[in-house]
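Two complexes, one shared chain (chain A), two partners (chain B, chain C).
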Partner chain A sequence: MRNYFKPGRLLLLICTFPFLLSGCWDRIEINDMAIIVATGIDLTDEGEVELSVQIVNPQGLGSSGSGGGQLGGSGSVGTMVSLEKATGKTIYDARSKLQEKVPRSLFLGHNRVILIGERLAKQGIKQHVDFFARHPFPRIKAYVFVTKDKPIELLQVNPDLERSTAEAARELADQKFGLDVTLKDLLQMLADDTRGAALPYLLVDKEIPGKVGLKVNGSAIFSDGKLIGELDDERNRGLFWLINKVDQASVTIEPEAAAGYISFSIINAKTKMKPTINNGKWKMTIDIQADDDIVENNTYLDVMSPAILKKLEGQLEETIRHQIYDTLEVIQKDFKTDVLGFDEAFHSHYPKEWATVKDNWTDTFSEVDVEVNTKISISRPGRSTTPQGVPKDKVIE
Partner chain B sequence: MKIRRPKPLVSKVKLKETLNPNQQEKENNEVHADNTVNANSSNKRKENGDIVSSDLSKNEEKIRSIYKNCSDVIYRTFYIGNKTKALLIYIEGLSNEQEIEESVLSPLMNERNMGTEIQSLMTKTVSAPNIKEVSTYIDCVNELSVGKTVIFVSQNSSAFSVSLTKWEKRAIEQPESESVVRGPREGFIEDITVNTSLLRRRIRSPKLKMVRYLVGKYSETSVVIAYVDGLASEDLIEEVKRRVKRIDIDGILDSGTVEEFIEDHPYSPFPQTLATERPDVVTANLLEGRVAILVEGSPFSLIAPITFYSLLQASEDYYGRFLIGTALRWLRYIFLVISLLLPSLYVAVLTFHQEMIPTSLVISIIGSREQVPFPAIVEVLIMEITFEALREAGLRLPKQVGSAVSIVGALVIGDAAVSAGIVSPPMVIVVAITGVASFTIPRYSAAIALRMLRFPIVILAGILGLLGVMLGIILIIVHLASLRSFGVPYLSPMAPMQANEMKDVLIRAPLWKLNKRPHFTGDYNEYRQAPNQKPNPSKGGDG
Partner chain C sequence: MIEKGRISALQMATLLYPTIIATAILLVPAITGEYAKKDMWLSPIWASLAGLFVIFLAVKLEQRFPEQTIIQYSGTITGKLIGKLIGVLIVLYYFHATGIILLEYGNFVIGSFLPRTPLLIVIGSMVLVCGLAVRGGIEVMARTAQVLVPFVILFFTLIMILLTPELNLDNLFPVMEYGLKPSLKGAIIPASWFLQLFIIAFILPVLKKGEKIGKAGILTVITVMITLVITNLVTLLLFGVITTSFTYPVMEAARFISVADFLQHLESVVMAIWVAGTFIKVSLFYYVVVIGTAQVLHISDFRPIVLPIGLFLTVLSFWTSSSLQELEQILITSFPFYDFFVLIIIPMLLLVIAKVRKKGATKNRRNKGKVKK
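And then the complex of A and B:
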């Protein structure tokens, strides 16, 4: 018989025990956690950080067992999440104070949305994002928004279709009608000295009386971590074209040839930047290519006619170009902040020249000559070929 | 352990004029001539090793003293042709009494022509196919114990053994533990001659060898080692023989007993021989150069050597279309991992890595776990142990009660436990999927090994989270990699890597591509079929 408890084996066995001793230290049952799904940070009048969080409320999930449904029969969506608020010198300080009020351990691992109040944004966000970058729990893929109202007011909104503000905001960002900036993107933008940052605005939508919802609208422009201005919705579109973020967009034009409007849905948009420096003149050529579908035609124009399509394409290109120049004007002249990534383009193409202007890039940026070339093709006129409800003889071909 | 060499016992006296060699007779010839007997029963043999006496009463006395207090031994004295006294002995229930009467007793008693010698008289008169002369008491006892009839004739210093065995045996049925949708439905039974005949019917070539050993001090069970000469490596055959011969126990009740004595790694939870009820599986393995061990009294024969992957191959993989076979194999691989890891992943993620679960899922899990008083690991252990208990109960109970147990169990596990707030609904799903997953593994012995290994991993997961799960996986893989089955690495052909054998592991390649045998025994008799057999209209048919 072999002896299975030889001294060597025994020693090896004993050596494995310390592994087990280290165990369990960070074990936490899921029932003992308060899962934060959205965080809002703002400044109080005293200059302290105000942290408001949306916590999943398990009581509001409907009892477990046979019911099981998360929407809990009674439609009590409001109780799905609960709101807590605390102030402190830093975000973590505020969090610690918050923990005094919450019986379960606060968990940031599922924090998908960070709302930054305009007040704090104006003062500068650089020092505050450090917490989100340093602490191991917050998600680096959380979406970041700027809010005009205090974040807590947005967190109080009960969105109709989603379970909580957090989810609604996340889904809105996923739709890509507004900017979708994650914490990682923001950290990268802030880390770059010459780069500004653009964050989407999240607003309370009050269009239907007696009901509040959320919407993304416009962008907040940051320079050196401080909020310096806002791009409205129209110029926001221009920004999208410039930074190659057009994913789902619509363009509506009023054709010259006839009365009424035509709406296009954009598919396959692509933006290319080409920097050149000629005789000390910095120039950026932006080539935009896009395919459009006609989705609505209110005019008498026959969109099957190649001649008309050609004209429409030209007008569409003009409209988009105009939109882009308008946006560029604001960004270059008013904000003087490079949120477009020109710095990177010049840096990689002209490293020597870049070194000379690096320290006062803002000045050079506002002087960069930008040329926008658009190439739009209307690929599909839509399901119906002729204008609807129009007598045949009135159709313009 | 000292290995005792067996010694040949039976002197090969055989009457030349055996009549009408039927199937069974052929069988017996094929069985290796050196009918060896385990040496540990030699003590008994020695004292009975005397030569048969010519004194009939002395013979009777001797046999009676050997079979003292054995009420099932029948002695019948009679006179050959009314003159020569003879004694016929057989064991009740092992012999065909009607045949004894018809082909031995009545011809001998009615014999008129007494002039010839007793030997030729026997061969001429007795119309049984197999009759042989035995000269020692040991041989007599050996013959009797396997159901043969022994006749002592007065004034004759040898006895005659007539093979007229017949005992009750189960009919050949569909193997219950390995049923198939497509494929042969015959299964082994407890009778070893039937089992060897099932193999012989599948491999008619005389290259199929069957070596018989008697194992067990008291049971003297036949253990047949079957292999195909020229396919199985000589070393392997020798090793299997050596391991079987060194078994020294009282009795063998099932092939499981043999398995435990011939394994390479007795402490491993993983089976190192493949137990199968299906003759077609044994045949396929014999043709791949493996060795089968058949045990009297057990419908399960053992196949060695095996690899881990052979435990995941069902015979049906080879009978259906190869694409489907490949898909099913992958399904099994996936569910193998699930059956081993799902509960531990659930525990690890739920107690240590909550950020890994999708947000909406974590929210629903929180909601459903709200009333559960136990930590996740306790919950998992409760449910998994209950499930194992139910499975075990359902297995052992009579069928009628078994169904009642499973109904109650389903209610307890599925519904009542959840509504009582003892466990959460996601946990029930985890247990259910794990249970189903473990049943996708075709070999019961492998499935149960993995099912049991699940528990230590769950505990590791509860202590160290995903690190613990990884630790468990590493330990299992290290263990598997160190296992060998009769010298063949358990994880081969994956580790050590043999790329060209992957076609029967990762996929089930079409049969016309499996030209080479798996070569764990060297490049010995490499090709099993002609190349380029892919069916194709230009290769025949309508032409």
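And then the complex of A and C:
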């Protein structure tokens, strides 16, 4: 039997204990941490990077939770998040200057939203994305938006239902009514030299007087990392159809047979791209399939009648096709930037032909002949059959 | 043989799996992608052939010299002086390799998790724990591996499954756009990981009698190959062209997981895989260094030299390179040749010379009748 408690052994054992604590070397107590949830970057007049951050105050969060009932009260929001701003040559340089003003250690591990000011976007974003993928803490899962106003103005907004701009913007992206582009997606788009990039716009919504909110609206189109144009909300939907991002959407048409509008909610939508090259003619066939439910009928049309349905389907297809062609026109002819992924489609189907046009893809891209086929079926009339609020004898069958 | 413990063939496989995987899953995707581009997932398949070959070499040599390590039989085969030189060379190689593994480990932990912890503490504590395992002998190490490896596999599978919603199949095509060449080129670096399987030359002598070595060896090669193919495939499908722009693509992939807004920030899981795997990897290399040193110097018990060698390994890891960039450069440029020389050329020469000079037993003691000589 060995004696493990000889003084020498004991001393040696005690000497090894500190090694167990080596994992605590880098600990930062939560009350010494300033948790950044949103970052905004823009350009100053001097050409420096302006970094604005939204910091959550854990104490503010705790008190509003335990306070109970006062969540959403206008006073409580201010205590939950705070704003800071600094400028520097690079983002990290600005961050260091920011640290001079913040008594706690800035922590980027929970940064979920990156807002890019339009001014910086026009000058080029390529050199500014590196920081977010190199520093150990930021996550490439963060959503990226472009803002028309200075990012700090958006960070100042107190959204109603969410705790902070960061949370609101992230939820808006998750809704998929606007594009949801993560930093990873952006890095992929930027790394591909035949590809442009499309980022959602985040705007300040001032529809209700005396109150501001946030909204996603339209997309910003980048070529070679520089902002070159904007797709409005209508064309943005066309873009959604093209890149198979339609998740929840509505389409409203004005039927030829009667006055008024009918709205459809799109249930299943699928887009397929089929590239073909025939005698040197580059062609892209886009097949779109979707199921729609009728959700609102303002006309006197009886949507139960198969004949009327057939017509409505045809008109729906026409409307969507028109929207897509309109979007294509702008993207191919005005922007001449491939944000649709045509490059990848041709690359994987025609590697040899692709190699010949790779270097001048933008020229070929704007000349690609696109054919859009839509197959829309209206599957259900909704909860009502004949139009509501219309006497039976006035219904058009 | 100075090691008294004996392990089974399956235990050997559990020891070998993390020994290859631990560093491979973090560094290989980026390095392979550099050469193989979209065919990077094919490269480990070619590379695994190297693993099969070194296992074949080690087994053949062991059949001639049962219960001896390469340090011992190199003397019998080539004569005392040259044998000793070969022994010293191999021990030095393992010293160097262990130093590099420790530095890879330290750099990863500090670069990703503990930026302000001194490198010495990270490496030193790992060496200390491994040293204790090595002192316990091969049986203790094998049992530790049996406890840890299932968790490594479980966590690895978990991460890969959680990533499936984020994967994009378009990143895969076109397959073999430029033929086989890029994927073969990309196989060179992972091959040097597979060559590490030659370490079984030190484990075979301590196997229980009558174990199916060939099966366990092939099992190891195949599981390692599948793991690397999955790793490369998943990172490629997730990141596409930007895979190679990350230092640790698997790490970035794990950070990307976010399920239902609460299952996220899973990089600590990768950290757990990495630390557990590295622990076994370092232990095994450390063990080989200790056994090799003891045999070269004809020491009757290896236990007393474990901790002193640990101290030396810690220092050595600082000497191997001054930065992660330099380390990767070494791994890409000179290490494949180094590995190739020590782990293939030397054993092959030994085997040929043994055959010519008719040294060692020609009959196999383990699988009598099964293997024809």
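A few comments on the model shown:
What we mean here is this: the second predicted complex is superposed on the first by the 360 of 397 C-alpha atoms of A that agree within 3 Å, B and C clash if a C-alpha of one lies under 4 Å from a C-alpha of the other, contacts with A are read in each partner's own complex, and residues count from 1 in each chain.
Note that in this section contacts are C-beta pairs under 8 Å (C-beta built on N, C-alpha and C of every residue); 3 or more make two chains touch, one makes a residue touch a chain.
This one's a predicted model, so the numbers in the text were calculated from it and none came from an experiment.
One of chain B and chain C touches more residues of chain A, and that partner is B. Once chain A of one complex is fitted onto chain A of the other, the partner contacts of A:I35 are limited to chain B, with no touch recorded for chain C.
Contact with chain C, but none with chain B, is seen for A:E344 once the two complexes are overlaid on the shared chain. Once chain A of one complex is fitted onto chain A of the other, the partner contacts of A:K141 are limited to chain C, with no touch recorded for chain B. Once the two complexes are overlaid on the shared chain, A:L187 sits against chain C while remaining clear of chain B. By the touch criterion stated above, A:D26 is placed in contact with chain B and with chain C alike. Legend: residue contacts after superposition of the two complexes on their common chain; A:Y92 is shown touching neither chain B nor chain C. On chain A, the patch touched by chain B and the patch touched by chain C overlap at residues 19, 22-23, 26, 109, 139.
Residues of chain C touching chain A in their complex: 111-118, 121-122, 124-125, 128, 170, 173-174, 177, 238-242, 245-246, 252, 255-256, 258, 264-265. Per the touch definition, chain B reaches chain A in the complex via residues 350-352, 354-355, 359-360, 362-372, 375-376, 418-419, 421, 424-425, 462-465, 468, 471. By the touch rule above, chain A contacts chain B in their complex via residues 19-20, 22-24, 26-31, 33, 35, 37, 56, 58-59, 61-66, 68, 70, 107, 109-110, 112, 137, 139, 163, 167. Against chain C, the residues of chain A that register as touching in their complex are 16, 19, 22-23, 25-26, 109, 133, 136, 139-141, 184, 187-188, 191-192, 341, 344, 347-349, 351.
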